[in-house]
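Labels run A, B, C and D following the written order; every chain starts at residue 1.
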Amino acid sequence: MATATATPTGTPGPKVNRIGLPVLEYRGGKTTLCAGCGHNAISERIIDALFEMGVQPERVMKLSGIGCSSKSPAYFLSRAHSFNSVHGRMPSVATGAVLANHTMMALGVSGDGDTASIGMGQFVHMMRRNLPMIYIIEDNGVYGLTKGQFSATADIGSKLKTGVINDLPAIDTCAMAIQLGATFVGRSFSGDKKQLLSMLKAAVAHKGTVMLDVISPCVTFNDHEGSTKSYKFMQEHDEPINELGFVPSFEEIDIEYDAGTTTDVTMHDGSSLRLRKLREDFNPTDRVGSVRTLMEAHENGEILTGVFYIDTAKPTFTDLLNLVDRPLGTQPESVTKPSAAVLQKVMAGLQ
Amino acid sequence: MATATATPTGTPGPKVNRIGLPVLEYRGGKTTLCAGCGHNAISERIIDALFEMGVQPERVMKLSGIGCSSKSPAYFLSRAHSFNSVHGRMPSVATGAVLANHTMMALGVSGDGDTASIGMGQFVHMMRRNLPMIYIIEDNGVYGLTKGQFSATADIGSKLKTGVINDLPAIDTCAMAIQLGATFVGRSFSGDKKQLLSMLKAAVAHKGTVMLDVISPCVTFNDHEGSTKSYKFMQEHDEPINELGFVPSFEEIDIEYDAGTTTDVTMHDGSSLRLRKLREDFNPTDRVGSVRTLMEAHENGEILTGVFYIDTAKPTFTDLLNLVDRPLGTQPESVTKPSAAVLQKVMAGLQ
Amino acid sequence: MATGDLALGHEQSKSAVVDAQQRVVNDFSIQVATVNGSGSQSANSVLLKSIFNMGVPVSGKNLFPSNIAGLPTWYTIRASKDGYVARRKKIDILVAMNAETAREDILGLHSGSVAIYDETLNLSQYRQDVVCYPVPFDKITAAVCPEARLRKLVKNMVYVGVVAHLLQIDMSSVEAALAKQFAKKQKALDLNFGAVRAGAEYAAEHLSKQDPFLIERMNSTAGKIIIDGNSAAGLGAVFAGVTVVAWYPITPSTSLVEATIEYLKKFRVTEEGKATFAVVQAEDELAAIGMVLGAGWAGARSMTATSGPGISLMAEFSGLGYFAEIPGVIFDVQRTGPSTGMPTRTSQADLLSTAFLSHGDTKHVILLPGSVKECFEFGYAAFDLTERLQTPVFVLSDLDLGMNNWMSDPFTYPETPLDRGKVLTAEDLNRLGGFARYADVDGDGIGYRTLPGTDHPKAAYFTRGSGHNSKAGYTEKPEDYLEIMDRLIRKFDTARTLVPAPVVTGNGKASVGVIAYGSSDFAVVEALDELKKQHAVEVDYMRVRAYPFTQSVHEFVASHERIYVVEQDRDAQLASLLKLDLAADQAVKLHSILHFNGLPIDAESILTELVVKEGL
Amino acid sequence: MATGDLALGHEQSKSAVVDAQQRVVNDFSIQVATVNGSGSQSANSVLLKSIFNMGVPVSGKNLFPSNIAGLPTWYTIRASKDGYVARRKKIDILVAMNAETAREDILGLHSGSVAIYDETLNLSQYRQDVVCYPVPFDKITAAVCPEARLRKLVKNMVYVGVVAHLLQIDMSSVEAALAKQFAKKQKALDLNFGAVRAGAEYAAEHLSKQDPFLIERMNSTAGKIIIDGNSAAGLGAVFAGVTVVAWYPITPSTSLVEATIEYLKKFRVTEEGKATFAVVQAEDELAAIGMVLGAGWAGARSMTATSGPGISLMAEFSGLGYFAEIPGVIFDVQRTGPSTGMPTRTSQADLLSTAFLSHGDTKHVILLPGSVKECFEFGYAAFDLTERLQTPVFVLSDLDLGMNNWMSDPFTYPETPLDRGKVLTAEDLNRLGGFARYADVDGDGIGYRTLPGTDHPKAAYFTRGSGHNSKAGYTEKPEDYLEIMDRLIRKFDTARTLVPAPVVTGNGKASVGVIAYGSSDFAVVEALDELKKQHAVEVDYMRVRAYPFTQSVHEFVASHERIYVVEQDRDAQLASLLKLDLAADQAVKLHSILHFNGLPIDAESILTELVVKEGL
């Protein structure tokens, strides 16, 4: 693991990361999800990413809605505060939490039902605000926890185990997020360890809304023939649009850079994200082009993965609010409670 | 007025339309909106369109949410049933009403706050379903009825009378509607009588979701210098992307057709919609291209109007539900209540 | 133990194994402890039906986690010759199939009970006072099921066989149950019956009966059906001619809609293959009720089903339905709150907030079915009522009633024609020359409405949630507003006379009365029988079936000295509604017996409290 | 007439014009009938302040339509030497500026009252028993306002001048009021004062005083302030150190947040120009309360403000706040329901649904400010309470209190330090070695919490709306669930001891007590004074200020024979909550006096009912 440093002494202790923590300190409770559920793999990658990036667990707030996916925060990073809220409304809770403490990293886990069905309104407005947080959709095309009904990301024509066929178009949360204002948008697959890990690490380094749609098969209700969100289907149809090379700020960049084939992005914290093009003419800093590419791929039945859009310059919601540095939640009374003199002045003005 | 026929006898009665009704029968109550409000002009165009198309007023259901705009259904077509529902949730009410009676024309009027803020979730899902109805956003960039706060369609940088500047990106409801599945999407301006009237007449002939975003200045709260939704701004920036020629099914088409400059669409009821290109390479039957054009225009600060997208082939939501012809709401008991024998069979199966 | 009540530790007495000669016939409970997602559901239901097929009254309760697979689940079957079907705290026979909970499970048993378990679990080490039957499940399964991937499922049938043998359930009863379960799937039937037989044979050869529990043939289930409340409610809606269903999945109401859909597909498709119904999976509950109201307004019989969180989300629209007077049926299959709470546990704690759902002087009509039969009947009647009253009607069921299987008399066909309420046609309008939508023409508080599409120039009116006068015109005038608000109260009083009246048992001469509703009924009936048996005390019992309360509720309270209100919530919500409705000098009689730990209420808990409170 | 109460027809007596020698000093009401959007608001407020500047107690009520411009609006000013500030039914002086309603307006007057109107309206034709002062407004306006487009606005100041002259209000008082209104805008001041003077001069020259109404200088307003309840509440929140405000516009709560924003911008920006607060205009009320809870959870003092429909939309999240025990302040400025109702009319009809907002045994703490001063104080105290109790706290105001201008003593600075409640720091955790989030360590039902970001490996806990045990672990165990639910009741009982206690007046010896809350207070006080004056009957009066009720509420009821509960809703919601809380033998004493036509309650209505009910 590139980012881990050896323990100082020669004793064969557990491998620790740059802040001296072993990966164990990034784990959570035992999962109660089905064996093989894609969501579990995503939890593992989150653990890896935070460990490798050397994020202090106490500096993270985990947020979720309701669903199998939304249970996941219980299964990683026990040392971080977590808020498992109500169905579809995590974005608002996250917004409040980030405003109360914008110095922390907010990590949200949602499902496709939680986001694209009941949660659509809040999703749209969170993207529009470019709220600084990582928002992950664990996308299986069904409502897992209520036993397998189609969600709004189910592809047209895909089939349930019961034979019911979805006849409504899928909502492409990535295309929407880009259009609406999110500044780091990508899609991955829970089965693609490497891509997902790089994407998550880059997400940690980004300032602004990171929206990741991670296809995450539901082995119990949507992993059969006829599903377009099954392991098999993804293994056959996953088309990476770029290859991610993420080098965190605390490491040396040693690879050569070729402008023709690579987009090189310097992230807010000094990390570097290299996106090697796997498709001619795709430019992840071009909003319009990205949406077009996604829509075209969708019409062709292709499932693109990779980083679709990144913008490191746009101000985040907390930037726009021009907040003091110290978290609002822990401002001292001396700052937040105006003096008696102020009240007197107000009263005088009302006489 | 092309579609009105003369009264049979020579008596100089009021001009009537093809079903023998004078325009008076399409009017509503006296408006209580501000004098000069764009919404009033839209009501007038709706009256004209329904009159000219010879729609039977009793065959229309008017639906709305809450806002100045949502009050409008009171100001046209008194002879039609109307449902002024709750803020932001008209799409669901309309969905229910259309399911109960899919033989009628449903006409919804919403505002930008009603649709793009509180109503976003329902808006998205209505578009996705291609519910057969006309959905009009009377778009002034502000909440008129609550006295002028920005809505989510306010452009970035636009200014309130109080000096407050909007720093969040506008939501382009047209781009969203196209992406999500609506089959007739356009933008117009309440001050452009001709374009809006043609668009509304074509809307009447369409089967599927018609989503029209009509810029409709709020003279009281958003018609000043610095607003991008003022009459002045629109007069200066309105850029029609095509010119509409609508010929209803009951009239002869006599104009020549030139494939190079015109897109000719035969509508569901046999009417014909001719879209003369005002922009090279814009094709209103190309979803991806339309969204791209809208996004590009948006980035360039242009306000395009016209019909952006039309698809007359896609099945509507009621098609997908495979409904009987007669409205569900008035099915006789003999059809809807299974017989005693059926119950007996069910009971036997449970023993 | 997760399935027992609080105070119930195990009473590990030293007294040895019960005399096998002592016979306990058709009166005991079995608990099967498994892991969810392991397919034990069909085995349990075969076991249940086998007993049913023996003519013995039986009930089953599934206690499952809010989780899809891998967590502990318990299924309890109660056989009761007296026909009691409520939850029973005491477990007599444990089938311990879940290694994770097995120790806790056996420790929770009372002395003299029975444990059947996989021999590797070696449970006898924990209890000397429990009859232990170790079984080599895997070995037996392997022998009858060559296909390894099916063994996890088939294994469950082995315990069915073991239990059937030990209880002396006829194999023919089991076979009939299996045949129904696997309908036309002969291969599955063979495989599963093979497993049952193997289990039974193993038991015959290796287990010597040491316990007193037996099933003997009776004749108490003939003609009865077994169904869950959700299916019954869905069936009621289908027979009521529901045409628009809008919903959003949520436990424990999902199966209500899923059953409705199945019935609609079967019975409501025309010969040309067209649907006489529309079902929409909405994007959330706000949309679901919006669709219901839109459809109800436009003339459809419309419904949705949800549970607590969904009901809360329907608050704003419910007020619109009340004030704009729009029909629509909302099923609330209650689960344990507050908030997400325990989604797979039962409760009756939505009553009060539903009665006043929405801001600003809103009140709702609520039906309270108390059996699967009433789930059907009220699932039907709700549509007549909502159209008659022109107001949303809520049907409050609960997880216990809705998701568990219950024995019932077959449902009776509702012969009366559908009551579509006061709807004016074009001909009516011709005759009348017009109408005022919100005028109280008949003095019952209910106005006349027209449906969109009525072919008359005066048919239209303007529906709004804002202030309106009797002609449906917009108003902010105090007197117009008062007229509407006062009429709505009159309408609510009309509702009192139309909703299902309470059911009263007892001779009416007792000084003590009990009031309860919904699924509490079963436990109440049993508790009152016991009260009579054990203490020779008779009480009268009124089961309320709707809100607002009918006049007879007032009379019942008036004619008793003390009233115990039994309900499954913390905040005494039924008692609260009663208090608000009763004259204060009557309200003073009310005392609450509350049960709210998420498990279905049981007779023993009620009895204990009654005895204490009555000082018996 | 839209502004009068139901029964109040005009009592057109033949008796001629009142003797002008008879003087009615500092005790009458003025109603200005205009069109909204015509800019009459500043004229009305100048008139109000002119009387205030004369040292005469005064109150103003704006009766406006739910519309932006062009519809009738009425503004009522009451001068009352005795300091009564409630709405008064009787109008003494009408200023009829709206041609559309002028006829109805004058017909609504009582005999002997006064009408000032544009001469073209010729209103004297309708009433011989009203003193008529026709004024050529347009001519006067044209003369003082050369700019035609300003005339519509300036015209309003002309009536101020006319009225001021007729009532003998000092011009200096008017000028001072104008100077304040137009602060640093000298040109506007000159123009408007010119118009006032022109009106006064016209009156002096052409109108001969024929009515008895006069303002005479008093000394009863010295040191008083004038403010609306919404601004006062916003100010309270700002002094409470609110840091996160999330809202969605809705009448009549919008101005609460807008005032808050103004104060925040003024007092809460650091020297470097950074904000020590965040305000978000959310996409709707579901999002607003979600943000409030997210922020409250993460340590911010957070708030939202809304009205009926918004409260309904907050139902689901409110239950989460209750069960997961998260602070947050929700202001509900009540308007008339149900549904959209009458958005610009006042009401107290959200009380009951707010108390039980959300499904499944949820209960909320509610503060009930009864004056602008209490809007400030409770706007402040709500934040201490919500953090102390770790539960959402609702503050129920209403349109009358919130949007109208009220005289008040200046607000007192809250000297006590902010109570941030039980929050453990990293040091605490070092000392304690850990903590159980939902354990009742202190016996008051309130657990200890940590904030995200606390730098300690054991600081984190898992917040959820699903079943949890005292350690915040997920659970479906009956006993764990019961522990939490029972503790929440204990916490609610703790709330009883912490919320503002009721205010009692009277000597405590009367047999009759009155209970009311919120903006009803003003009318109740006046009614009780009149009761004493007219009928020599004294009653005791308790104004409740919070739910749950403190012990003293029980005692007050216990110590009186009959209790009249006065409130502004149809369904007797305060009486309902009392009934549920009181012992039934006490509840029997409650009788309701209800007022719910959308207009603020008035003393006359209360008095009439009291007299009837008491048989006086």
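Here is the rule we use: a residue touches a chain if its C-beta (ideal position, glycine included) is under 8 Å from a C-beta of that chain, and two chains touch if they have at least 3 such contacts.
These numbers were taken from a predicted model, which means no experiment stands behind them.
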{"item": "Taking each chain's C-alpha mean as its centre, the one farthest from chain A", "value": "D"}
{"item": "A-D or A-C, whichever has more C-beta pairs in contact", "value": "A-D"}
{"item": "Interchain centroid distance [CA atoms averaged], chain B/chain C, Å", "value": "44"}
{"item": "Chain A-chain B separation of Cα centroids, rounded to whole Å", "value": "36"}
{"item": "For chain A paired with chain C, centre-to-centre distance based on mean C-alpha positions, whole Å", "value": "40"}
{"item": "Sites on chain D at which at least two other chains make contact", "value": "65-66, 283-284, 309, 316, 320, 339-340, 464-466"}
{"item": "Multi-partner residues of chain A (each touching 2 or more other chains)", "value": "86, 117-118, 120-122, 124-125, 152"}
{"item": "List of chain D residues in touch with chain A within their complex", "value": "223-227, 235, 238-244, 246, 263, 267-268, 270, 273-280, 282-284, 286-302, 316-317, 320, 410-411, 413, 415, 417-418, 450-457, 459-466, 474"}
{"item": "Parts of chain D lying in touch with chain B, wherever the complex brings them together", "value": "37, 65-71, 248-251, 254, 281, 283-285, 309, 339-340"}
{"item": "Chain B residues touching chain D - in the complex, by the definition given at the top", "value": "32-35, 66, 68, 86-88, 117-118, 120, 143-147, 149-150, 152, 220"}
{"item": "Parts of chain C lying in touch with chain D, wherever the complex brings them together", "value": "2, 4-6, 65-66, 308-309, 311-313, 315-316, 318-320, 322-324, 334-345, 347, 349-350, 352-354, 356-363, 464-467, 476-479, 481-482, 485, 489, 569-571, 573, 576, 579-580, 583-585, 587-590, 596-599"}
{"item": "Of chain A, residues touching chain D in the complex", "value": "25, 57-59, 61, 63, 73-74, 78-86, 89, 91-101, 103-104, 121-122, 124-125, 318, 321-325, 327-331, 333, 335-338, 340, 342-344, 346-347, 350-351"}
